[in-house]
Amino acid sequence: MEFSYFPGCTLKTKARDLDETARLAAEALGVTLRELPEWQCCGAVYPMSREEIAVRLSSVRALMAARDEGRPLLTLCSACHHVMKRVNHDMQTDEGLRTKANNYLQPDKPYAGETRVVHYLEMLRDEVGFGEVARKVTSPFKGVKIAAYYGCMLLRPSAVMRFDNPENPSVMEDFISAIGAAPVRFPYRNECCGGYVALDDRGAARKASRRVTRAAAQHGAEALITACPLCLYNLKENGGGEVPVHYFTEFLAAALGLKTLEGGLARAS
Amino acid sequence: MQRIGVFVCWCGSNIAATVDVDAVAQAVKTEPGVAFSTNYQYMCSEGGQAIIRNAIAEHKLTGIVVCACSPRMHEATFRKTAATAGLNPYMVEIANIREQCSWIHKDREKATVKAIILSRAAVAKLNLDSPLTAGETPVTKRALVIGGGIAGIQTALDIADAGYEVDIVEKTPTIGGKMAMLDKTFPTLDCSACILTPKMVDAAAHEKITLYTYSEVEKVSGFVGNFTVDIRKRARSVDADRCTGCGDCMEKCPSKKSKSEFNQGLSNRSAIYIPFAQAIPNVPVIDREACIKFQTGKCGVCQKICSAKAVDYEQQDEIMTRRYGAIVAATGFKTINLGRFEEFQYAQSPDVITSLEFERLCNAAGPTKGKVMRLSNHETPKTVVFVQCVGSRSTVECGKTYCSKICCMYTAKHAMLLKEKYPETEVYVFYIDVRTPGKGFDEFYRRAAEEYGVRYVKGMVGKVAEENGRLRVQASDLIADKQLVIEADMVVLAAAIEPDPSARNLATLLTASMDTNDFFTEAHPKLRPVESPTAGVYLSGVCQGPKDIPDTVSQAGAAAAKVIGLLAKDKLVGNPCVAGCNEPLCNGCSACELVCPYGAITYEEKTVMDHGVREQRRVASVNEALCQGCGACTVTCPSGAMDLKGFTNLQIMAEVDAICR
Amino acid sequence: MPINAESGEFKPMIVAFCCNWCSYAGADLAGSSRLSYPADVKIIRVPCSCRVNPLFMLRAFQRGADGVIMCGCHPGDCHYTSGNYFARRRMALLFSMLEYLGIEKGRVRVEWVSAAEGQKFAITMNQFAETVAALGECKRLEDLRCQP
Amino acid sequence: MRVDEKTLAEDIVRMSGTNVKKCMKCGKCSATCPSFEDMDVHPHSFVTMAEEGDVAGLLKSKSLWKCLSCFACVERCPRGVEPAHLIEAVRFFALSPQGLNKMKPDVVPIFLQNLEEKGAEVPQQLLTSAFRKYSK
C-alpha cells in the first residue's frame, strides 16, 4: 500500500509528534508514505467564497503532483484534509474554477480532480482494516477510557467530505476499540472547539473548548484524542486541563509498541 | 369512396350572425366525397337531428360532418343521432365554427372563409374515417385490497357492504396497521383502539371479506376487470383452523428476546407470538429467525404444550392464484430512518424517542401500561421537548421535501395527553410553522397552547446533548431572536413519514406509477385522486400521500365507491379510439412499450405476412382494455406501425393539407 | 401565405395543434369569453400533445404554413400523466432541426394552456400571429418526390 | 463603502454560492451555532438580510468575526442554504477595501508574545488561518 503523503506545515514544526508517530505506525502496518517532493501550505482554511482562486492553487498543485505519481493523496491534519478534499471536489464539480485553475497553472495535463484524497483514519479503516490493526497491537490500552474528538473539519460538510456519519461518526471509536481501549462517546465530539479564533478571541475559544473537554470528562474519559494540531493546541491551552489531549497516532504508535506515550496516562490507580 | 353529408348549424344568430352559413354549405359541396349539404337554425334540436337522420337515409350517407359548436359540447349528441339512423357513431366529425370562429371574429367575410376551411378539414378527416367498435370485456366481481390498515379495512368494508367479494392481503400477522398502535386520536381524543378494533372485527366477520394475513402479493397479470394475482401465504407454522388462541405457547416459549414490532421495539416478545391482544386473526405466528427449534433443531416446547395440536413446524408457504376485477393499493407508511439526524442523539440516548414510540408509551396497553417514563431510568420526565419537522420539508439528501401533514396535530395531542396525565410537566414544542387545516384542528392546537400551557416556540432544535443524565437541548426562539438552552428529560422527534417500502415492488407488479418519493401517483391530482393511471387500480390512504385518519377514511370510501362502480358493470365498454399495431411494419423495437403510461403494450411472437412471405416475428400488441388513446406510442414508433384509431396519421395529415390548401 | 390583393397586407397561415383536455378546452373558453385572435389561426384537435408527430409540423410547412404552434396541458397536468413531457422533448429536437433547415425560431412555438386559460390562449395566439406576420412568408419546404 | 447596495448584495450572494431564497426560516442555523451568544446578527438573520440586500448591516456586524467556520449550520440546514458560506463572502467584501483589516500586522507579535510567555505551542496552522482571514 503506497500513498503520496502531504504532511502540511504544522506537522513539520509544532506537531512533529503527529507526523513522527504516524509514519512509524504506517510502516509497522505495511503502509508506505511517500512525502510529496515539493509541497506548499494548503492555506489552512478552505476559501468558501467561490471566486477566490489563488488560495486554491497550492492545494491543486499537491493534488496534481499526487495524480502524476499515480497514488492517492494521504493527509493527517484535519485542516489539510478538509482543504484538500474540498478543493478536489471543486475541481471535479465546478467547471468555472477548474478552467481558471488550469489556465493559471498551465499543467501538461489539465487537472480535473482525479486524485483520491484519503485521511489517515480512512486509510486505517478502509485499506488496512481495524481488524488488522488490532492483530498488530502488542501493548493494548486495556480498560482505558478514551474519548474521540472529531471536531468540525473532518466531518462537515458531509456531502463533500464523505468521511463518516456527520452526526454520529464511529471511525475513531472503532480505532479506540482496535487498540484495546474503551471508546467513550460524548455528544460534543463533533462540535466546534473554537480553535479558529484562538489567537484573537481567546474568550470565545475558551468557552467552546471547555464545553468539549468538560463533556468528555463528565462521560468518564481518561484521555481525549484528535487528528488536528489546532484542536489539540486549543483543547490543551483553553480546555482548562479537564482531560489530557493526544494525537490518535500517539496512541497507535504506543499500542503497536513503537514509542511510549508521551507523558504516559495519569491513571487514578 | 365515402358519401358525406355536411350540416351547417346557425346556432340561432351565434354562428349565423358572423358566418354566412349558406355560403359554407355551398362551398363544401364540391369537396371530395360530399354527397349532400344543408344548413339549419339549431342542428342539435330535435328538428335538426331529424334533418340529419332523414338525410342519412335519403342520400345513403356513410358519414356526417356537423359544422357547429365545440365537439366538447355536442359530439356525443350527434354520434347518438348517427347511431339511431344506422350509422357507426364514429363516422361523425365536428367542425368547430362557433367557439373557434364565429364567437372570436367580427369580420363576416374572414369568419366565413375560416369556417369553410375548418369544415373542409373535417370533411378531409371524415373521408379517412372507418367505423369503430368499442371492445367489451367481462368483469370479475371480486376486489383485492393490498394492506390491512385502516385504509384497507375501510375500503374492504365499503366494497363488501355493497355486496361484492373482497380479499385483504396483509403482510404482517395481523390487520390493524399503524392506527392500532396509536393511543388517542385527534382532534376528539377518542381512543384509537376503541374505534378501530370494532372495524377489525367487522372485517374479519364479514361474509364477503376474506383475510390473508402474513401474506404478500407476488405476481399480477391481466388488466382492468380481469386481473390474475398470485398471493404468497407465508407459513405461520401454526394451523389457524386448530388454534384456539389460548396463548399458552407464547407464555412457555423460551426465546423471549425479540423486539416487539408492535411496540416499536420498546418491549420484547417471544419467538411464537401474537402482535397484540386484539390482533386479528388471533392466531400466533412463529418468527423462524428467532425460534430456537428452527435455528438449532432443539426445543419444540410450543408444539408439546399446544393442546389443540396447532403448531406445525413443517408448514410451507402456499401460493394461491385468485382472479379480481379491481385492485386497491393501501400499503400505508412508516417513519423515516433517523440515522442521519443524530444531532438529536436518537440512537445514542434512550430518552430521545420518535412520536410513534411516544404513542406506545402513552398507551395503556403499551409496554409501560400508559406510564410515560424516561427509558434510561424509568422516571417520569419533568421537562419534555417536542421537535417538529424532523426530516420533513427538507431538501437535503437524508430528508423528505414534503410536509408529512400529521405531525403538527399529533404533537399537539401528545402535548395535551402529557399535560393531562402529568400537569406539572414543562412541555415545549419547537415548530417551523403550525399547520392545522382541518375541521376543529386549529382550535385543538390553540387549546394545547392556551388551556394546557404547552409552550410553542417558533424555531428549530439544533443540537441535543446528554449531560449529567439529562438532555441539553439547544434551540432557536426566532420571535425573541434568542438561542434557548433547555435541560430536558425527554425529547420527542416528529419523524417524517414515507411510503412503506413494499409499495415500490407493488407498483412494479401493478405497472402503477409512483412519484419521486415513492407515493403512488393518482390518475389526476384534482379530479381522479383515488384512481391510479392504470385502469382498475385504485389508491387508498397514505400510499398516495400523507394523510390523517379522517382523510384516510374518506379516501378509502372514495376508492371503494370507484371499485363498486366498476364491479357493478357486467361488461366494460372501452374507448374505441385506441392504438393499434400494423404488424407487418412493426420491427419489434419495444420503443412503444417503454413510453406507454398504462402498460397497455406487450410483445408477442406472431406469424406475420410481409410482402407475401410468412414470417415468425416479435411484434407489438395493444391491450385495448388498458389503452387510453393518448398516442404517445404512435409518435415514438420509428417504423410507423403504431397508429391511433380515430386520430390516424393520415387523418391528421389530411386535416393539415385541408387547412394549408 | 396569401397576400391580400386589395390592401397588400400579408396574412400568415397558422396551424395550431391543441390537446383535447386542456388547450382545446382553453380555446373554447377563449371563444365563449369572446376573446378574439386572428382568423389566420386554425386549430387541429388531438387527444394529447404527445400525439403530435413532428412530421405533422413538417407537413404543414411543406404545404405552405407560415407558423405552427402546439399547445398542451401544463407540465404535471397531462391527462395521460406524461404525454406533454414526451411532446416537449420531441419539439425541442424538431425546433432545432427546423432552425438548421432555415426556418426561423419564431415560426414554431410550444405553449402550455390549461382549460381555464382562455385569456392566455387568446394572448398567445395574438402574439404568435404577430410574430409570424412580422417574419413574412415562410420559404416552402418542398417534397421533391412530389415534383412532376 | 460602495454606493450601490443592491449590486453589492447580489455580488455577495453570488460569491457565496448560496441560494438564500431556499431558506424557510426554521432557525436551525441559529439553534446550532456555537457562537450565537457572542453575535449581534444571528445566522438566520444573516440569510434574511442578504436576501433583503441589507449590506451595511452585514458588513458592520460583529458576527462576521465571531463565526468559527465550524460548518454546523451548513451541515444541519434542512434546505441546504449554507449560512457560513454567506458569512465568509461578506468577510471577503469587508476586507477587500484598504485599511479595513480586522487585525493589523503589528498586533500579531503582541498576541504571540502574550501566548508564548505562558509557554504555549502556537501551531502554524493558527497563524496561517488568522492571517488568511483577517488581512488581505
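We just call them A, B, C and D in the order they show up, numbering each chain from 1.
Just so it is clear, a residue touches a chain if its C-beta (ideal position, glycine included) is under 8 Å from a C-beta of that chain, and two chains touch if they have at least 3 such contacts.
Since we're looking at a predicted model, the values are computed, not measured.
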More contacting C-beta pairs: B-D or A-D? The answer is A-D
When the centre of a chain is set as the mean of its C-alpha atoms, what distance in Å lies between chain B and chain D?
49
Could you state the distance in Å from the CA-based centre of chain A to that of chain D?
24
So how far apart, in whole Å, are chain C and chain D when each is placed at the average of its C-alpha atoms?
53
Among the residues of chain C, pick out those that touch two or more other chains and give their numbers.
none
Could you list which residues of chain A touch at least two other chains?
167, 191
Sites on chain D at which at least two other chains make contact
72
In contact (per the touch rule at the top): chain pairs:
A-B, A-D, B-C, B-D
In their shared complex, at which residues does chain C touch chain B?
13, 15, 20, 24-25, 27-28, 30-32, 34-37, 39, 42-48, 50-56, 59-60, 63-65, 76-77, 79-83, 86, 90, 122
What does chain B use to touch chain D in their complex?
343, 389, 393-396, 399, 432, 458-463, 474-478, 481, 483
Complex contacts: residues of chain B adjacent to chain C:
70-72, 96, 98-101, 103-107, 110-111, 113-114, 117-118, 121, 513, 521, 523-525, 533, 577, 595, 597, 628-632, 634-636, 644, 647, 649, 652-653, 655-657, 659-661
Mind listing the chain D positions that touch chain A in their complex?
14-17, 34-35, 38, 65-66, 68-72, 74-75, 82, 84-85, 88-89, 92, 103, 108, 111, 115, 120-130, 132-134
Note: in the complex, chain B contacts chain A through residues 339-343, 345, 347-348, 396-397, 463-468, 472
